[in-house]
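Below, chain A partners chain B and then partners chain C, in two separate complexes.
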Partner chain A sequence: MSSVEIRNLILTAIALGVCILLPMADSGYWLSIGLSIAMFTVLATSWALFSGPTHYISLATAAFFGVGTYTTGLGFETLPFWSLVALAGMFGALMAALVGLATLRLSGVYFVIFTLGLAELVRQVITWAQNQSGQKGLYVLTDITEAMIYWMLIALAAAVYLTGWLIGRSRLGFALRIIGDDETVAAHSGINTARAKVLLFMVPGAVAAMTGAILAPRYVYIEPSLAFTPMLSFQVVIMALLGGTGRLWGPLAGVVPFTLLWESISSNFPNQTTLLLGLSFLLIVYALPRGFVGLLDRLRQRVTGGVS
Partner chain B sequence: MSPVLSLRGATKRFGGLVAVNGIDFDVAEHQVLGLIGPNGSGKSTTLNLISGALTLTSGSIKLRGAPISGLAAQDITRRGVSRTFQLVRLLPSMNVRDNVIAGAVFGHRRRWGAEARDFAESLLERVGLGGKGQMPIGQLTYIDTKRVELARVLASDPTLLLLDEWLAGLNPTELQDGIALIKSLRDEGRTIILVEHVMDAIRSLCDRCVVMSSGTKIAEGTPGEVLSDPNVIRAYLGDDDA
Partner chain C sequence: MDILITGLLLGGTYALIAMGLNLQYGVARIMNLANGELLVAGGFGAFFFYTSGQVSPFLTIFLVAPAAFGVSWVIYRIMLRPLVNRAKSRGQLETDSILATFGLSFVGVGLMLAAFGGDYFNYSYLARPITLAGDTFALNRVASFLAAVVICGLLYLWLNRTRAGLSIRAIAVSPDSARLVGIDVPRMAAIAFALGGAVTAVGGALISTYLTLDASAGVIFTLKALIIVIMGGVGDVRGTIVAALFLGVVETLVASLIDPGLTLAAAYALFILVLLFRPQGLFGKTPT
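Let's look at the complex of A and B:
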């Protein structure tokens, strides 16, 4: 490992250590903000692992997330909690593989629409199933506290960063960068493009489902419109793009300010949240097409006088 | 000795248009074959059929006796067939060296890590880009982009090399360098198919030529033979000059 990598590793470890201490300092408002930040960090970072290099905008986060919450909702009385999280991860990966095989031949806007439709499809199926059985939603009553959920998310975030770092150094990560640049060149360089994309799409699928499984106890009562809310998919995309997908830490730089902004918007203007979400999306796309990461790169280039 | 590549009745239709119509030819080991013909005669389409960029409508293509028609481009590449593109295709987000490494990691002979880096540097040296490995793609001149693409293609250590107008658009000095470079590739034992318009290059490089016109093969032989063939002259210049 180079000295820069060792420095980054130490900084990451310190940052994680500080994050772990948050529940000791506050168990009310700030813990709940921290929990949101941890959740979106996990979702946006894993989203960017796939969508960053390939430029395929996936709106399927809510579908995987919802499957995860329902895994916990249906299984928490019979199975230990940790196994539900693992199970949700497997469901998410499996579902992503199926979706990937079916759709990754679609390009551009077709892929976006399909993934958005997928979340809606799963939601409708579960609503239908619940109507058949006469239920409206599920109660998830556990003794899992908010602090425990927070710690689990921090652990998951650490795992996502580690996975992302390993993928970045691997042949798979390199293959994805080539595919993102030029898929024809990728195929003519010997890359099985379909397999590489499906494999990597399974990562955000598994992670989003695990996040859903971990968060289910916090909601106490889950129903399809909550677990599969399309708003979640859009929030993840906006945060990841705001931060920038060119670096592993990029999404985090978008998650923190956006979560704080979102929190103040939804407490001050509870009826205009969607409107403000749309406006911020427009603003990000126009003003920061490559996110904070791109902005930083531009500034750095200007400082060094364009010498690279 | 069995040919490296053989096409039998290779045909490609795009709807009602027959772009390649029942082409037959063989390429022997260590040979440089020129695929020539007027614009729109189906040369690039033929190359696309060999590399797997397009699939055959009918006919067959065999690599050392084993059929490769119907395989995906990546599988054909892994069997040792690599190509350049008529319009140069590079990876804009990466520097020159990573562009070359991209060809080395997943291809015919695979390399990774330090081995791939060293190999890429030696190929850059070879194509005349020594020391430019860290340059971004956007700062390259036209000839240098062609050199990067050739280095990427060579990085997979192909046994059959497909060059689609690789010499087009070069100035006279660059052309001499380019011809020398392709000669050296043949000398190290690679088999090469050239799609080319530059007559100097065809005369000095090709062992044999296949001439296409409107999707069909109209002549085959040494460059001297085919270039004096009345059918070929008619295809290029029209009836009055034949």
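Let's look at the complex of A and C:
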């Protein structure tokens, strides 16, 4: 490890340590904001691990998240909680692998369309299954507090950052950067592009499902329309792109401001949240194509005299 | 037999909507995910004129079509053309246009929510029974189907028999070569995009005579139209029509035999089969 890497590692550890202390300071409003930020940091960072280098826009987050929520909802009475989180991660990875195998061999449009409807598809199937068995929703009654959920999410965030860092150093990460630059070149230099993409897509799949499993006790009552809300997928995409997917910490720069903005808009003007989503998408495409990180890089280049 | 005809009637309107999307994607190369919102807006138009002035939805389409044409043309020129110019590759244009039209789609839903509220809207027009081949059907479904057939037919003739249609088809095959033979590609692409929007909005006005819509219903129609376009093959009018009718029948089968809540699941099952076995479309040639 170089000295810069050691410095970054220490800084990350200090930042995480500060985050852990939040529930000691406040257990009401700010803890719930912190929880949202932690959740979206996990989701957006893992999303960017796949979509950053490959440029495939995945809208499947809500589907994986919902599967995770239902894993906890159906199993919390019989199995210990930690095993449910692990199980949800496996379900998520498996589902991501299946989706990836069906669509990632083809062009990006097919992938977007498929993931766009995936949450709705799973929701319809679960609703149908529930109607067959005659039950409506699930109660998740546990003694897990909000602070514990928050700590688990922070731990998951640390794991995601570690995974991202390791992938960046591995052969897989190198292969993905080449695929992102030019897929034809990648294929010609002997990279199995479909395999690399499917493998990487399993990471956000597993992470999103684990996040859902961890958050299920917070909802207390879960039903398909709550667990598979399509809005979640779009929020994650916007936050990650707003921050910038070029760096590992990029999505975080989008998560914090957007979560705060979202909270204030949805509590003051609850009907205007869709409009906010739309305008954010347009802002990203027309003004910030590389996110805040890209903006920062440009400013830094201007300061140092344009030498890159 | 009953199911088959109901499915075909539904598929006729689907064909119209998917034709609109196909014009936009096949010619202007913009995967327009705000397509469903334009459809709902067309439905709102028909609803508004019928409830306020008793104007028949089949007359409203002559108003909806030019309005949607204008709106789509302006959107293409102002918002999407810059993306086409800035894109370095086809992949980048796809990503940019997907994000931009997602934005438009949400802005559309937000504006419609602000203007009309979140309620479902429907009205009763031509809700009389009619007997076909021994079974009874709602007259509004049959009338919408016939209108869709007429419009699809006109569009087909226009694309295959006129000079403008020929240019449009040339761009669909190869935008770069079309430029070399003197076709004004930006202008024709804008026209194709606007025409696609008009066709979709007309489809919305027709579908509103027998389906209940609300401000956020658009995305389901976008998805179905996308699935039809991919199933039929991009830029293939015949394929689109066949795929739309097929989807209409399959959906009606699932809705009446298993559960009406599973229609999207049925569409997805078809989609997966197409992706796995014929990703180039039903009538597409195998890429070399």
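Methods note: the second predicted complex is superposed on the first by the 308 of 308 C-alpha atoms of A that agree within 3 Å, B and C clash if a C-alpha of one lies under 4 Å from a C-alpha of the other, contacts with A are read in each partner's own complex, and residues count from 1 in each chain.
To be clear about the criterion, contacts are C-beta pairs under 8 Å (C-beta built on N, C-alpha and C of every residue); 3 or more make two chains touch, one makes a residue touch a chain.
All values reported here derive from a predicted model rather than from experimental measurement.
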(message) Using the superposition on chain A, tell me whether chain B and chain C clash or fit.
(response) fit
(request) Tell me which of chain B and chain C touches more residues of chain A. (result) C
(message) Quick check on the superposed pair: does A:114 touch chain B, chain C, both, or neither? Answer first, second, both or neither.
(response) second
(message) Applying the document's definition of touch, where does A:272 land relative to chain B and chain C: first, second, both, or neither?
(response) second
(message) Is A:106 touching anything from chain B or chain C once the two structures are fitted on A? First, second, both or neither.
(response) second
(message) Looking at A:86 after the superposition, I want to know if it touches chain B, chain C, both of them or none. Which is it: first, second, both, neither?
(response) neither
(request) Please indicate which partner A:190 is in contact with in the superposed arrangement: first for chain B, second for chain C, both, or neither. (result) first
(message) A:177 in the overlay: touching chain B, chain C, both, or neither? Say first, second, both or neither.
(response) first
(request) Check the superposed model and tell me the shortest C-alpha distance between chain B and chain C, rounded to whole Å. (result) 6
(request) Please write out, lowest number first, the residues of chain A touched by both chain B and chain C across the two complexes. (result) none
(request) Name, in rising order, each residue of chain A that touches chain C in their complex. (result) 55, 57, 102-103, 106-110, 112-114, 116-117, 120-121, 124-125, 127-128, 131, 230, 234, 241, 271-272, 274-282, 284-286, 289
(message) Per the contact definition, I'd like the list of chain C residues that touch chain A in the complex.
(response) 31, 33, 79, 82-83, 91-92, 94-96, 98-100, 102-111, 113-114, 118, 216, 219-220, 223, 226-227, 230, 259, 261-262, 264-265, 268, 271-272, 275-276, 279
(message) Please output the residues of chain A touching chain B within their complex, sorted ascending.
(response) 171, 174-175, 177-178, 180-182, 184-193, 308
(request) Could you please specify the touching residues of chain B with respect to chain A in the complex? (result) 51-53, 72-74, 77-78, 82-83, 85, 89-94, 101-103, 105-108, 112, 136, 152, 156
